[in-house]
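Right, one structure below, let's go through it.
Naming follows writing order (A, B and C), and every chain is counted from residue 1.
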Amino acid sequence: MEFTLGQVAAILQGIVEGDETQKVSRLDKIQEGKQGGISFLANEKYTPFIYETDATAVIVSTSFVPTKTLKTNLIRVEDAYTGFTKLLEAYSMLMKSSLVGVEEPCFFDASSSIGDQAFRGAFSYIGKNCVIGDSVKIHSHVHIGDRVKVGNNVIIHAGAKICADTIIGNNCEIHPGAVIGSDGFGFAPQGDGSYKAIPQIGNVILEDNVSVGANSTIDCATMGSTIIKKGAKIDNLVQIAHNVIIGENTVVASQTGISGSTTIGKNCVIAGKVGIVGHITIADNTTIGANTGISKSIKKSGSTLFGYIAMDMKDFLKSYSIFKKLGSIEDRIRELEKKQ
Amino acid sequence: MEFTLGQVAAILQGIVEGDETQKVSRLDKIQEGKQGGISFLANEKYTPFIYETDATAVIVSTSFVPTKTLKTNLIRVEDAYTGFTKLLEAYSMLMKSSLVGVEEPCFFDASSSIGDQAFRGAFSYIGKNCVIGDSVKIHSHVHIGDRVKVGNNVIIHAGAKICADTIIGNNCEIHPGAVIGSDGFGFAPQGDGSYKAIPQIGNVILEDNVSVGANSTIDCATMGSTIIKKGAKIDNLVQIAHNVIIGENTVVASQTGISGSTTIGKNCVIAGKVGIVGHITIADNTTIGANTGISKSIKKSGSTLFGYIAMDMKDFLKSYSIFKKLGSIEDRIRELEKKQ
Amino acid sequence: MEFTLGQVAAILQGIVEGDETQKVSRLDKIQEGKQGGISFLANEKYTPFIYETDATAVIVSTSFVPTKTLKTNLIRVEDAYTGFTKLLEAYSMLMKSSLVGVEEPCFFDASSSIGDQAFRGAFSYIGKNCVIGDSVKIHSHVHIGDRVKVGNNVIIHAGAKICADTIIGNNCEIHPGAVIGSDGFGFAPQGDGSYKAIPQIGNVILEDNVSVGANSTIDCATMGSTIIKKGAKIDNLVQIAHNVIIGENTVVASQTGISGSTTIGKNCVIAGKVGIVGHITIADNTTIGANTGISKSIKKSGSTLFGYIAMDMKDFLKSYSIFKKLGSIEDRIRELEKKQ
């Protein structure tokens, strides 16, 4: 889509300095700006680029005073970064909402329903007795199993698999290849050393405003529900086992794994590659550093944990700083032993 | 599906206390039981809920003696937990076996064959010269490459990719998004620093009763076969490299990675996020704790290992308990040095 | 496909000793050779198998002198391993190049173009305004979003998802289930503890000869490009976040995760399960051991790093060797304290 600088200024409630009839169709970094692109200048260290950029226009704050001649047009707004973000959002919103209709072939069981302003991509699959809301965008190769409920304004990207009985709230976004509602890993050991699968008859509930990253997996509950609460954000390749509960506005970074029946509080920040054992509880506002192993419940709200077996982060870093020189520590002991 | 309490009691060889014409269509947790659901009471700590639950019926053991008035119906069986498990299995079996037929469009090369009581979902793909057994359920978006052999009673969930030449035994279950038989990661370094792919011409063999979790990846062998033996259970997001062999009834939890040409014995339990180097052998009955790094062969059957570089689990925990107080250890050495 | 031993010898510029009209259709390990297969003998420790193998032929070096009677045919070449590799490549090339045409149904937007000798599998999806080169093989269930550019001789395996605006060079291979160009994990914290998604409007660029493993995820840049440079090889289940740059001929093994805006040099070797924080730079020729955590930039080219928080590999192993006996270290300190 193409906009004149005048149109962009109107969206941002800003003022054009230059030719407001010129057109932009792309958002560029200022140092990589090219004809037809619009950039922003919010960080002083990028100021030199504004005199060289080939971008058609640059969004600047009202406080910006050029010290050389400019070849680009300016759009002045109160705060350039906020302005650019507003533009990004408007652009992104426009791109998403403009996607409406049905691409054929796709599969839609007659017992299911879907709201207005929806998109269903080619080869998307919607099973029996599903209830899907308004403005839901279901991309190609998405699988939606039987009895799934989906709220409004949900985006399900290409190839995501939503298994039977899953419930998805409003404004959720499921990225490509994510699997929601696969069977939990539950097996009963038999007398002969073999295992028998325990039927997993629960489901997954994603509340409103949840995001699930590409190729992440969220298992259904054995019974009841695995629940990702309102506003929680899950990154790529994350594993969430059966009956886990993730609290409101908790963020879980890539490649983290959370074992079965663990409950995580709200407003936690869990970095990448964290491993959390099953059947424990993590307090609200917990911060967990990358690669940390959590083996027991965290009871105190606001803790910051880190380490192979989690410790208070400062304590771990202290111990690790001594671990690094353990060779010389042993030498000092040897020296003391000699001198006895 | 809906059953009367009389029908449920017949399946469980139990006795109804209450109205055996009432109907249930759902399995509920006792503390979340609602009209139309059936629960069980096996753990004493849940006993208070039986007097409050809205479930239509609760399965109890013959030994249960109510101490207050009950508003729910009872189904008495010898052991409530076993009874409930039996019910779960019957339900699950019924759900699975009732899925028969073909949804269109789907792709099936005329050179391939498939047995009776099969299901092929919309957009499933079956390539050339495949031989697929009876009661195989192939869900939507499944890809089955050329010359794949699949036994009987296999379930391949939505979007799983079974690459060419894979052999799958009976009663296997492949969860959504799993990739079986992708190329091994084999590259020959060239003189100029670049790499050339080594063709990967082997395959993957899954023996009977194998389960592979959602979005897990099992690479084909460079030559010969990557083999997952009878009864092994693989969780979600697990990586199994080329020419790995996993022994009978070995369990591998989520996000574990096993490097090329490693052989793992039978009846091992490998927790989540374990990393195992290539070209080694792990003895039967080995237990490996979460997040453990295995860098060399384990020769002694029945070992329990743990740690960043694996150690006997007790030894690692002892060392880690001292690691945690390394700060004070250094203080004590400093103190000794001062006093000399 | 079936070849006579004479045809194989011609490809390898070798000489048949035995019956050159016999046919082979398979490459076997020498210890598992069966009628119709061809093997090679390059490692002396496998010599005993050549007298027992049921393979129809074995490729041997000119220097090989049998010490017993052989029942298999020989193809003599200058170097058996090189010869076998050549055969593998010829076979693999033949298999790939023979795949041409279109399987129906598939989706191809009329605004897009694709070159000669291409293959498009059933249920593959190609969006708007894509430009796709010659000899590109697009397997079943592949999703290619709008405005994607793909070079020549690219293989995109079943179910891979290439999101909008991605640019792929020549001779790349994308394995099943990989996701290229999903949204980066960027959220702006709001005053009430919730998060708002930052629109991700950049793309991913894969230069020539890049390989991406099964179910790996490469996020698009927030702005600009996430770039995987020429010849880089990415294994399965790897996470590459927004705005990462991976240098030429760098190898990244399975389950490694690289956080946002990190730049990795060329000719690096990064083992499995490595975690790298965001916004840092890794020098060329860096080697990183399995499971290592990298928390800061590596400035010196040619470093070899290892450890929970990366150290020089030798230093880490020294420290870990003492960590293993920390129990006895504490005993020695206690002993010294007693003797004061």
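Criterion: contacts are C-beta pairs under 8 Å (C-beta built on N, C-alpha and C of every residue); 3 or more make two chains touch, one makes a residue touch a chain.
Here the structure is a predicted model, which is why all the values come from computation and not from measurement.
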Angle, in degrees to the nearest 5, of the Cα rotation that carries chain A onto chain B: 120
Interface numbering overlap (same over half, different under half) for chain A and chain C: different
Rounded Å distance, chain A centre to chain C centre (Cα mean): 26
Shared interface positions of chain B, touching two or more other chains: 105, 123, 141, 159, 177, 215, 237, 255, 273, 308, 323, 329, 333, 336
Partner chain B, residues of chain A touching it in the complex: 105, 107, 123, 125, 141, 143, 145, 159, 161, 163, 177, 179, 182-183, 185, 187-188, 193-195, 197-199, 201, 215-217, 219, 223-224, 237, 239, 241, 255, 257, 259, 273, 275, 277, 293, 308-309, 311, 315, 318-319, 322-323, 329, 332-333, 336, 339
Interfacial residue positions of chain C with respect to chain B in the complex: 27-29, 32, 85, 88-89, 91-92, 103, 105, 121-123, 139-141, 157-159, 173, 175-177, 209, 211, 213-215, 231, 233, 235-237, 248-249, 251, 253-255, 266-267, 272-273, 290-291, 307-308, 320, 323-327, 329-330, 333, 336-337, 340
